[in-house]
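Data block below; observations after.
Per-chain numbering from 1; labels A, B and C assigned in written order.
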Amino acid sequence: MKTHRARGVVYVALVALAALCPWPTAGSRVAAQGKGTIKIATQSPLSGGQAALGEGIKLGAQLALEKFKGPLEKMGFAVELVPFDDQAKPDVGVANAKNLIADTNVLVVIGHLNSGVAIPASEVYKDASLAMISPANTNPTVTDRGYSNVFRVCGRDDVQGAVGAEFAKSLGVKTAYVIHDKTTYGQGVAEFFKAEAEKKGIKILGFEGSEEKSNFDPIITPVKARNPELIYFGGLYDQAGPFFSQAREKGAKSRFMGPDGLDSSDLAKIAGKAVVGMYYTSVAGPVSVYPQARQFAEEYRKKFGKNPEPFAAQAYDATAIALRGIAAAAKGGRRPEREEVAAAIHAVKYTGITGTIEFDKKGDPKKALYFVLQVTSDNPEKWGENREVKRLLIATPAPKM
Amino acid sequence: MDFPLLLGIFPQVLLDGLILGFMYALIALGYTMVYGVLEFINFAHSEIFVTGAFVGVEILLSLQHAGFLDRVSPILVLFLILGAGMTVSGLLAVAVERIAYRPLRGAPRLIPLISAIGVSFFLQDLIRLVESIWRNAFNLVYPGLEPLSRRFELTATVDVSVKALVVIAASLVMLLALHLLVNKTRLGTAIRAVAEDQATASLMGINVDRMISITFLIGGAMGGAAGVLFGVQYSLINPYTGFTPGLKAFTAAVLGGIGNIPGAMTGGLVLGLLEAFAASYLSLLTGGAFGAEYKDIFAFSVLILILIFRPQGLLGEVVRGRA
Amino acid sequence: MHAVWVLALLAASGYAVSVFPHSILAFLLFQASILALYLAPMRRWLKVALAVLALGVLMPAIGTVNGYYLEVATQVGIFVALALGLNIVVGLAGLLDLGYVAFFAVGAYLWAIFGSPQANQIFGGGFPLAPGWFFVFLLVGLAVAALTGVLLGLPVLRLRGDYLAIVTLGFGEVVRVLANNLDKPINLTNGPKGITPISRPPLPFDPARLPGVSLGLLYSLYFYFLVLLVLFVVIAVNQRLADSHIGRAWEAIREDETAAQAMGVPLVRTKLLAFACGASFAGVIGVLFAAKQVFINPESFTFLESIGVLAMVILGGMGSIPGPVLGATIVTVLNLQVLKGLSLWLNDLRNSGTIVLGYNLADLPTQLEPAKYERMVFGLILVLMMIFRPEGILPARRRRRELVDD
């Protein structure tokens, strides 16, 4: 009995001692001399296969924050960026979301990269009326639910898939095989492509999904045997890369096409020559496409030592819009509530490096840019020089009821 | 039912299945040898397999970076990465045995099994950690070796790449070598003796601990070779790639008869073929209702069925005689 | 005397959390004081009273200050229930089940399908069921999961320990792959996209009566108390089972099947009962989990989760009841708070550009965040525990005697 008691007391005493030590307490910052801190959070995958894109979102937001925080700081607030890693997993995204909303200093979230993470996380944000501005989520469901706190600055997959199908038709393609990665995003855009392609008279020889990441041989064999003119891969570059590379190795002669998930220099790194000449659609043009973006690219390069990844520019604009919204809601210099920030963002009209953005009632940009690009080189460094084949400015479609 | 199509892809699927099967056979050897000697499933073997793959890719990437990749003969490069992969994996297996399994030799069966699971998880993230620090990325791509990518188009639907032939040839050589080692050398006899009856073997003057370590070494080396070949064949690897092939290879070992080395080889081939056929034909046969994504369940179902109806496997078990 | 210490600790930590709402260490102190409450010897009624105070009053109060802690506490509760369920299968009956999360998934998907518009895809209309059905589904989940347990148990009864482990692992994977792929030909589970929104059970009172309190907070508190209630029942059932005829039969099987059979223990029935009981706990808590999360997808039910629950049982101590409770608490807190907290802390350091030993922390690769290495931590826990303390931290007394070398 005695040792039992002593041990218990010792354990507890140790923990108490540890707690009283002057350790930095994660997340609690000493409020600046002024009215406190305003935090803008980012949620994107900072690890795993899509870390490059996720990192781009974070860094783009960071750049914008440092550039545009002036007005808020003049009002007496300290402005901070809090990045979170959602690991491209809905569970982690939701858990982070709950952590985020507990911190009342967070007024806006810039995120996510994956629609499959954004949709459940936005349910959590909705409960707290926290505004979420997405630089990259293209699945229509993200805004189609009509939540007043969800926004996106990029295009939608129902348009993107259709743009892809239309372009395929213009290339004279008559048969196509569609493969997707079974995620909300990949399957979503693949279905839109298929629907529009069929409407345009392209025969869809097959529609299959797979989560496979390395061994695509058994999938490629039947596809190759059917010999479609085009293979459309709805998914991300970390799967598309090996798939296209293995398909070419097995002698598939079809053309390749895919959505903006393929838009990353890593695709060239993984697949090399297999993807040269293929087309892909995107809601984020290469930075070289936007005139004001050149300065952004230079500042980005100077600060972070690398070229801006896709969606970095979108994150930059999204953050700028967020700051504008907060400043508008903070009229009179008092700290705004989250609902007020969301309402203010609805009213923002902003001309940034990706164009002029104005939101409709659902949170979609009233008009969005869509691109068709062609891969010009197997050198990952040259990804930014991919050739722009077509550019379309399309109004957001009404939700299909 | 598009019969010409179904028949047309048959040879290709057969080839794909063989490649997969040989790979499973190599990995299964590790499981079966350890089980034969210790009656213990080395859960961490899947990570030993993937370590070999990572060693291979690191060497290739370094060579590429230094500019040598194009200049050195590809056969030499292949030998190099196979040798390195086998060595590192083999040594890793020995280390794991020493640290995590040996202290638990006498314990009830549950304990070392849980320890093995722990090692498996630990190694997965360790590889990720090391690669994150070393290369800031852990999804790595095997650089292509030029002559390996050459293809021969035999018919409209059958494509044989030099790579596939190399993988099959390498596997065959290693399986043969192992067979010779286990059956025709003194070392092999010692290992088999320890597998049959540890106590008597030690009475006969065999250093049981050393034999066990050597068993792990050989099993690990086979796994490492499989890892390198996996990387060469499928190009993209990450630290978690080992889990599913490892599980399937264990299924193959059980399918052929656990502890039985020719059994593991047979089991591997059979499972590889089954899986390739399931993956390629399933969606064609069911009109798209069930597709290639069910190929993994296929393997597990096979396992469950064997264990229910023929738990000793196709070629019979070879495990320690009970006292 | 000890009661005073514990009370002081509870008060101090409660105060600390209210003053530093984001200090993870303060919250850890609170949790440690609950552990101290359990360990410190004092009269039973006093312990119960303090426990009610700590869990029923202080914890919700902390939750009001920082909603995330309430979330952590609720997750701990859910995993405690899972650990207790697995404890029956692995700890009491000695059947190594590596696919336990499959039963959890069954319960969760059951409510997810019928408590959301998902079922309309199967039946054409009429769903989701009214939220009140949630309570009925707690029982339905129990029954269906138990049935699944029996179905799993039947074919694997004769298998040896290690084979059983692999087969249960395979079964767990099968369930996950099915959940991931049953979106065609009929859309049962909506595949990897998951199912959302899932109805939550109706609040016991009209939220309009408390205008200042956010709906989110109300639901968080509601689920916290629901989990506590379910836990109470689970622990009570566990205690009755462990002390009963069937509990002893399980332990007999665990020790030596042949001897048990010779003593008249019906092997088949007893093993099936173990699977069914363990599975039923997972089923109930699965239903609760689905309602709480409002969104589920197959990624919550991977092999990693099964191993996580196993680690909780082993770390805490197999066969006893406080063991898995402690194990679940430690592992969950480790995952949700300690590792994440370390990540956030490292991030703060990186942002502030601190230089440690000449190395600018801003250069630390983002791949190096502790929150991502939970696998490694699990693995290390398992290996170290097996080598140094295979009976766990708070094992059943009999277990400790047999596993520790005397």
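The working rule: contacts are C-beta pairs under 8 Å (C-beta built on N, C-alpha and C of every residue); 3 or more make two chains touch, one makes a residue touch a chain.
As the structure is a computational prediction, the values presented were derived from the model and not from experiment.
Chain contacts here are complete: no pair of chains fails to touch.
More inter-chain C-beta contacts link the pair B-C than the other of A-B and B-C. Centroids built from CA atoms put chain C at 32 Å from chain A.
The distance from the centre of chain B to the centre of chain C, with each centre set as the mean of the Cα atoms, comes to 34 Å. Shared interface positions of chain C, defined as residues touching 2 or more other chains, are 180-181, 367, 372.
With touch defined as above, residues shared between interfaces to two or more other chains in chain A number as follows: 51, 182, 209, 211. The set of chain B residues that touch two or more partner chains comprises 137, 288, 293. Against chain A, the residues of chain B that register as touching in their complex are 5, 8-9, 12-13, 16, 19-20, 137, 139, 141, 144, 149, 151, 153, 156-157, 159, 161, 163, 230, 234-238, 241, 275-276, 279-280, 283-284, 288, 291-293, 295. Those residues of chain A that touch chain B in the shared complex are 48-49, 51, 182, 206-215, 217-219, 221-222, 224-226, 238, 241-242, 245-246, 249-251, 269-270, 272. Residues of chain C touching chain A in their complex: 2, 5, 9, 12-13, 16, 20-26, 28-29, 32-33, 35-36, 39-41, 66-69, 71, 180-181, 191-194, 196-197, 214-216, 293-295, 297, 299-300, 336, 340-345, 347-349, 351, 366-367, 369, 371-372.
Taken in their complex, chain B has these residues touching chain C: 39-41, 100, 103-104, 107, 109-115, 117-126, 128-129, 132-133, 136-138, 243, 247, 250-251, 254, 288-290, 293-294, 296-297, 300-301, 303-304, 307-308, 311.
Against chain C, the residues of chain A that register as touching in their complex are 1, 4-5, 7-9, 11-12, 15-16, 18-19, 23-29, 46-47, 51, 55, 81, 83, 85, 87, 89-91, 94-95, 98-99, 101-103, 116, 119-120, 123, 127-128, 182-184, 187, 209, 211.
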